[in-house]
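Multiple structures are listed underneath, in structure tokens.
Two complexes follow with chain A in common, the first pairing it with chain B and the second with chain C.
For the complex of A and B:
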């Protein structure tokens, strides 16, 4: 009978009228990010970093711009750790390259910006600010 | 007497049903299509050239951006080509995880096909159902590699990280859901009379034509040609699994749709076998930190969701590839568009385009 398929289809959609919702009310309700989630800014740990620059070498798109200084004891210090989000493709190669696990993703996915300048930030400054707030 | 003449209508590159930035110059005689000429290049990023200035390991995330709805299959193709070149042996567990991920991604990609096809045929509801189920797979990818679409999970020598119990458990849950899901789709669209009327006996590609165009993937199998690289080459762990290759008869839009529905069931069968026989062991081979494959070249092809995806890599013995060429299935399949559209009505051009299922990221590369 012509139209039988249409009615069967309608039955399926009606069946979902009373059922569990598949969506969440986004700004009020947020889904938790997984353990391996790649995204957001880089959370930098100044104490762990040895200034080897392996992260910047591993980056396919040169998204990391690092300045390293050497003190009188020949110890390397990070002066700035600039991450350009616009160039980053979140491939995780920098984090995997780090021998001391000094960088991780901060898993904040709400970092859309109106201006290009806001897509560049210094992870070192952010880490210091975060520590200042904690203390 | 009224005078008529042919005219050219530009469909795209911003047309909502061209699935990306493809322009089709449709030559019309009234409402009948005389010719359809695809104009490409709007999404060209020069990935082949970019790869020449990256190391082999750095090239892998670029392959995600080729066919961005089945990134795992692209990773697999490139990594296997480099492994062939450098002679790297992949651990068995990694092979199994690769198969699970590649097949999950095939299902997710077919979801996009079903969703966009039904949307193009005027049923926006259908799209929501397909994308709801695709979301389940993307969540699985989020668990295993931390990204939903641009996975970058399959690496040279294995996979990036071991599959957790959570991932395996949730994959099993999804596989158990697949028959129910297909049943719902069949009730929603396959049995729908309007859907059938639009799909059956339209845009026919015969066996000879399909072979002549060099088509591959579900499109050629819909025309009745038994050509599945998973069966022919048995690359990776595919030789160990028992699955069938669904074939079509007429090569019309309906066959191309049904092939994909059947392939979802077959993929689920492969994943189930891989989950049951998952071996223990390392997930990554011993790959040197600085990879320098010997001088020479290698070609490796895999069965991507859309057909035969091949990577040809020439090495000059340095850390970077000398030349990479990618054989993209969508690009080749798209050549059939003109033949498929000829003699059809304008509304059928949208259906023909949707059933070839090209992805512009891959066509333009």
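For the complex of A and C:
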């Protein structure tokens, strides 16, 4: 019958009209990020890190500025772990390179900023602050 | 002679004014001004209500929530929109035809406000019940073609001009089947008077007697008022905004106001011509039935508009001339035969 498609279309929209809405009320509600989501700051785990610098070597854009010190037992310590977000392309290669899984993404996508300085941060300082807040 | 709350309200207002002023001409003038003001207010309010309604319905159909931040449940969104539009800079582009460009939105608003005078809102409640009501109404609505073309031509922009030309093609093309579809009603009623048309539907609504004309009218009304799916005049994805492309702020708001006023017009016309006007069961007064039917019609038109994709220009024009016009003519013929048979029997 001619015009049957029109009625079907009207039925579909009628169903949507009173059906469940997909909108998430953003600032109040947030979508959970997926397992493999890449983004945000690097969450650094000081205990796991062995200071091998493989992450910085693996980084194609040289976005990681690491300072490593060696103590009297020839054990390597991370002094600073500066991540320059402006250079980072979120390729995940640093995280894949890490042999002890000491870095992960914190999956916080709300770090838009007015200043260029905010694009650089020290993951080590952040990790210590976070641990300080937890304790 | 007439009954109904609105009519008796109007009569008592007239009596009060007569006792206050005494001069009949002045009272008539004052009554006309009051009525015109009320009609303009209805028009402006309809634009406010329908902007929000349009956005909400569009959102619901697209599985969204729509505006919900301004006021309770987003109710004040259209007020915020209006304030924003008034606040905007009045940009006058270079190289335009100044007079035509300035006049276009104003001239568009005039016919869409004028036709409210011919709508019977309740028993006896009609500002101008002229004996060629329907004819005059169609004549005035067809004036809306010109301001679109004016604006499109005067803007000195390709998109505007294309939009203006499209308006002419579309509106003139669909004017003819619409008039022929309404001819059936006029033949049955035997009058062009709006109140007589509503009166003739006291027993049977014209949607029952003229189903074919009703279908044609729905389609042509959508086209005439530039509603989606026939909004090729605007056609955002094709020609930006057609004739409105170069307009900003309040000038653009006038186009907007006219569009929503036209939306309510086609709702009111569908109600008046096919759905029995203010007729309805007795437990509600006539004007309530009128507004309920009108709002349901507007909802229906918005529902249709947000369901179907925009029609292509060429297929739309050929549909109008090659399909709708013959059907409308056949409808006139069938109505004539039907009336003849009815009279013989």
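Criterion: the second predicted complex is superposed on the first by the 120 of 135 C-alpha atoms of A that agree within 3 Å, B and C clash if a C-alpha of one lies under 4 Å from a C-alpha of the other, contacts with A are read in each partner's own complex, and residues count from 1 in each chain.
Operating definition for what follows: contacts are C-beta pairs under 8 Å (C-beta built on N, C-alpha and C of every residue); 3 or more make two chains touch, one makes a residue touch a chain.
Quantities reported herein were computed from a predicted structural model and do not represent experimental measurements.
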| item | value |
| --- | --- |
| Touched partner set for A:19, first chain B, second chain C, both or neither | second |
| Chain A: partner with more touched residues, chain B or chain C | B |
| A:60 touches, of chain B and chain C: first, second, both or neither? | first |
| Which of chain B and chain C A:38 touches, first, second, both or neither | first |
| Contacts of A:6 with chain B and chain C, given as first, second, both or neither | both |
| Partner chain in contact with A:87 - chain B first, chain C second, else both or neither | neither |
| Set of chain A residues, in rising order, touched by both chain B and chain C | 6, 9, 12-13, 22 |
| Chain C-facing residues of chain A, complex | 6, 9-10, 12-14, 16-23, 25 |
| Of chain C, residues touching chain A in the complex | 57, 60-65, 303-304, 306-308 |
| In the complex with chain A, residue positions of chain B that touch it | 54, 57-62, 65, 125, 132, 135, 142-147, 150, 152, 160-161, 184, 187-189, 191-196 |
| Complex interface listing, chain A residues touching chain B | 2-6, 8-9, 11-13, 22, 34-39, 58-60, 89-93, 96, 105 |
